[in-house]
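The structure that follows is given in the form of structure tokens.
Labels run A, B, C and D following the written order; every chain starts at residue 1.
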Amino acid sequence: MKRIISHPRITYGTSLKEFIDFYRGCAFGAARVSEAIEIYFEAVKNHSLISFGLAGAMVPAGLRTVISDLIRDGFIHNIVLTGANVVHDILESLGLHHYYGIEGNDEELRDEGLNRIFDVYVPDSHFEKLEEFLLEVFSDLPEKTDFISVLRAIGERIRDRNSILKSAYDSEALLLCPGFMDSMLGIHFWLSAQRRYVDVTAELRTLSERIHEAEKNAAIFIGGGLPKNFILQSMLISTKEGFDYAIQITSDSPQWGGLSGATLSEAKSWGKVKKDARFTTVYGDATIIFPLIVAGLRISLEDRK
Amino acid sequence: MKRIISHPRITYGTSLKEFIDFYRGCAFGAARVSEAIEIYFEAVKNHSLISFGLAGAMVPAGLRTVISDLIRDGFIHNIVLTGANVVHDILESLGLHHYYGIEGNDEELRDEGLNRIFDVYVPDSHFEKLEEFLLEVFSDLPEKTDFISVLRAIGERIRDRNSILKSAYDSEALLLCPGFMDSMLGIHFWLSAQRRYVDVTAELRTLSERIHEAEKNAAIFIGGGLPKNFILQSMLISTKEGFDYAIQITSDSPQWGGLSGATLSEAKSWGKVKKDARFTTVYGDATIIFPLIVAGLRISLEDRK
Amino acid sequence: MKRIISHPRITYGTSLKEFIDFYRGCAFGAARVSEAIEIYFEAVKNHSLISFGLAGAMVPAGLRTVISDLIRDGFIHNIVLTGANVVHDILESLGLHHYYGIEGNDEELRDEGLNRIFDVYVPDSHFEKLEEFLLEVFSDLPEKTDFISVLRAIGERIRDRNSILKSAYDSEALLLCPGFMDSMLGIHFWLSAQRRYVDVTAELRTLSERIHEAEKNAAIFIGGGLPKNFILQSMLISTKEGFDYAIQITSDSPQWGGLSGATLSEAKSWGKVKKDARFTTVYGDATIIFPLIVAGLRISLEDRK
Amino acid sequence: MKRIISHPRITYGTSLKEFIDFYRGCAFGAARVSEAIEIYFEAVKNHSLISFGLAGAMVPAGLRTVISDLIRDGFIHNIVLTGANVVHDILESLGLHHYYGIEGNDEELRDEGLNRIFDVYVPDSHFEKLEEFLLEVFSDLPEKTDFISVLRAIGERIRDRNSILKSAYDSEALLLCPGFMDSMLGIHFWLSAQRRYVDVTAELRTLSERIHEAEKNAAIFIGGGLPKNFILQSMLISTKEGFDYAIQITSDSPQWGGLSGATLSEAKSWGKVKKDARFTTVYGDATIIFPLIVAGLRISLEDRK
């Protein structure tokens, strides 16, 4: 028996550290939050290469700075994210905000030019400014390029230090968006030139080489989709035997059979996660869960130096 | 437009108050955590009668003291909970712990006499001691009784101040378990006497009268099931026009059509939630979410006096 | 390796039997549908006592006749259901329909006296007629009674053969509603007499004795809640070693830790499901899944005589 | 009020047509199945261009022939699918089966060279044969290519008429895999040449042109992910005002904020679904739900000629 459920207490004076320790006294999701913190902490302590998969509308929902800080502080080394998260990072970089809590049904929103992402809203005008920005970047590209370079070119032009793209650029973190064409990036990439020949092997080659060279590898997934699969398959071809550490935050569930909800244990059967890896899945809403893990990591790193 | 998504930051020095404020800068579940805190805070400030529905194995999972403290501090006035949560509260009161993180499949656990609740374990021997305790209480009961009185009789005998039953007894909070017979309580209630005539109207009468008399009413639901329905129907017969405040934490979802996942808006159509009520639903794991709401409430109550 | 995924085909001429066989060629939920049919078939063939737990608003959603036919045909022997399902069965028995697909938000519905259950609507006037009916039944009750008898008294008065209560009454199936007071039944039971002394041990005693006497026991659960727990705990005290067969249809998921989403394997650790039992869980919407299982059962019983 | 819930009946003699009509008498998911059939039927009758998004491991789970038949019969005109679904379609085309129902934990499976997808298993040796096949195809490619052409080259070589790729090739259906590199296709594409310059605009250009030219457009989504987003964004740049018809089958849920679970109503705010479109979402397991919709479509098309 590993430990007793301790039924901890929360009072007015509880510190953030104590609050996060609270979860260690519980079971279910709470226990998994504290395990995720331990795993992240151990991965950092052991100088793991940390690959981070980001799906879901996490930038629109407000996690942008949390993630860019992790990149700048060296707690994320590779980030694979959906096109939408890149697009919304650029919007914020251009000073174009996301809004929360508008009233109205979807037909009214359409008339008002407000695009809805659950409870987040983006005006049409934002996307017009995005277009201007992207067309300028894309007009400068060399004929032979790849998406890693394109994204670095974007990151280079961004001035906002809180940008994920800018932070990756500044920190020489590898930022990959293999679904580049599946987003407004892709739309404008096409609109700016009818044909675009891109070296599509760049992402897989670069990430798998990095993983191959690392002594220890960690994977952190928010959501599933292409980022999760891409990181896992990069491990597959790296000649390594799987991730040493893995954390998954998901609102999906294993029983539907898709990769997004698949257990990390399933990944062992493929050799994507090591047989003796430390891993956990925290189920629920990443906007609630991920900040807790980040806070716990930062406290652990300082207090357990 | 209500507000801008502010993309807040988490650093080593972030206090618990700042951490909880973080959620207010986000959307999705994070925003709902901060709304739930505001609603709970306003409900307390406005001297609402707070009815709390507790389903799911929240006591085994470690939320026992958090809840009993809320009762003692006057932030829960009526608590409707499942029989299992009562049973596991009694176990802890008898010094019989819950355990986290045992290895083994369910057939091996059976052989070892370990009963599993997801990742929480309870040895058979605990239930034997529970039986002794309950039989003693039940042997003393008057012939004509009701479950409110039975549970108060149990609460009276418990010495552990962290007990939910003891806290309700000490605080004159109303503690209801309309599914009393659907638990080990019920099993031993029956085993201790082949026939038991109980006034089954007591719970409905007492709760609806309390709600009727209160100027403002608030409902907080962890999970759905019988506790949620019972609190909502007690409102229905109270002659009030619905709850003024309502918070729901659920891992269920509206599209399956059951009450557990039903929106609080749906409850408006029944007159169970007021048309102009303040309410929110936070989706996910209550062991992660509820502690955040409690911490936020406690900070708000102190800092915004 | 059990079998090859056969990628079956659906054409215009496909019969219902062939359609259901389709699922046997697949994996995921489809495979589980066909397993559930096999288990139900085997349970019937082996003369098992079949206990059926019904939670969720399945009667309002349209599964009433499917269930009452199963009772009449001897494929359900004990039924444990929520108070709401009883109430809505009575409404239909009184010729008071449920409606599908109304427009309007919940505040408007409130003004129009339409009570919403996801996409099902019940007018206030229905509940007034229910009240009349129930008060008449309740006024006739003996002083000492129990809920099994009360529900039989209701079933006796119903003339609609499609009624679940009537079918149970006619078939001498045991119909239990341990959450009787957690429904409009309970409301009117109270309103018709300020105090009601009821033998609350009747359900547990009767169901556990039936289970005890049966050679083979099967459990079928639609949803979780009180019906699932009540059937499982009745097994626990029956001195049997667990259900021989078990089928669960649920939209819940194990990772939240509650009983409703708990695996049937977990029930083995408690001795509620036998170590060598045949069991399966089908995840999803029971209004879609259960009719498939019933159709498959009926075809198997005829064609494999 | 649209209609009365009719509580239909299932007997031994029920035909497949009657069985599917059953759902029309219910609410919740059942009602949505029948709506999805109506929408698909109407889309076909009105000569809509039907774009089909396929995510989740639906080919491994057994839906391959159902889908390839829909392509051959002209009920799917554009198909956007994940790389994994392409890979597993090729495996089957090479006579390499998927298996269901193996015993053993993931570490043992690893040792045995069995890769797990929930309850489906694929031996390592299959992937070796896939590699041979793909390397042969890839070695023949012209220097300047795009993924549409590559997939057509694969489809051309496949002899199995039940193949999705072959059926698309034969029927001149547009088959897109914008996440080509996010799969074993991508791995071998890279391994067969260290640099690969591909016209990445081909998919977006071709699909949006097709949508632009169609008088009526329909979208059918199994799962979300890249296929759903790609089809929706192709509509966005087509200058059309949104899909006229849309059907979504998903195990995801709106409240998590991601696109996969987003309502089709949300897509209206973006102009991706028309304001007056006919659309529905069926929640649950597509291996159960999609065959029902296909059967219903086929019956409607024949019987309502």
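Odds and ends about this structure:
Please note the rule applied: a residue touches a chain if its C-beta (ideal position, glycine included) is under 8 Å from a C-beta of that chain, and two chains touch if they have at least 3 such contacts.
Everything quoted here is computed from the prediction, not taken from an experiment.
With chains reduced to the mean position of their C-alpha atoms, the one farthest from subunit D is B. In terms of C-beta pairs in contact, B-C outnumbers the other of B-C and B-D.
Centre-to-centre separation of subunit B and subunit D, using mean CA positions: 43 Å.
Subunit C and subunit D have Cα centroids lying 34 Å from one another. Centres computed as Cα averages put subunit B at a distance of 26 Å from subunit C.
In subunit C, the positions touching at least two other chains are 27-29, 57, 61, 118-120, 251, 253, 255-257, 283, 285, 287. Considering their complex, residues 55-57, 61, 84, 105-107, 109-110, 114-120, 144, 178-184, 186-187, 189-191, 193-201, 203-205, 223, 225-226, 229-230, 233, 236-237, 251-262, 265-271, 275, 285, 287 of subunit D touch subunit A.
Listed in rising order, the residues of subunit B touching subunit D in the complex are 27-29, 253, 255-257, 281, 283. Contact residues of subunit C toward subunit D in the complex are 1-12, 14-16, 18-19, 22-23, 25-31, 33, 57, 60-66, 69, 92, 97-102, 118-121, 162, 251, 282-285, 287-289, 291-292, 294-295, 298-299, 301-302.
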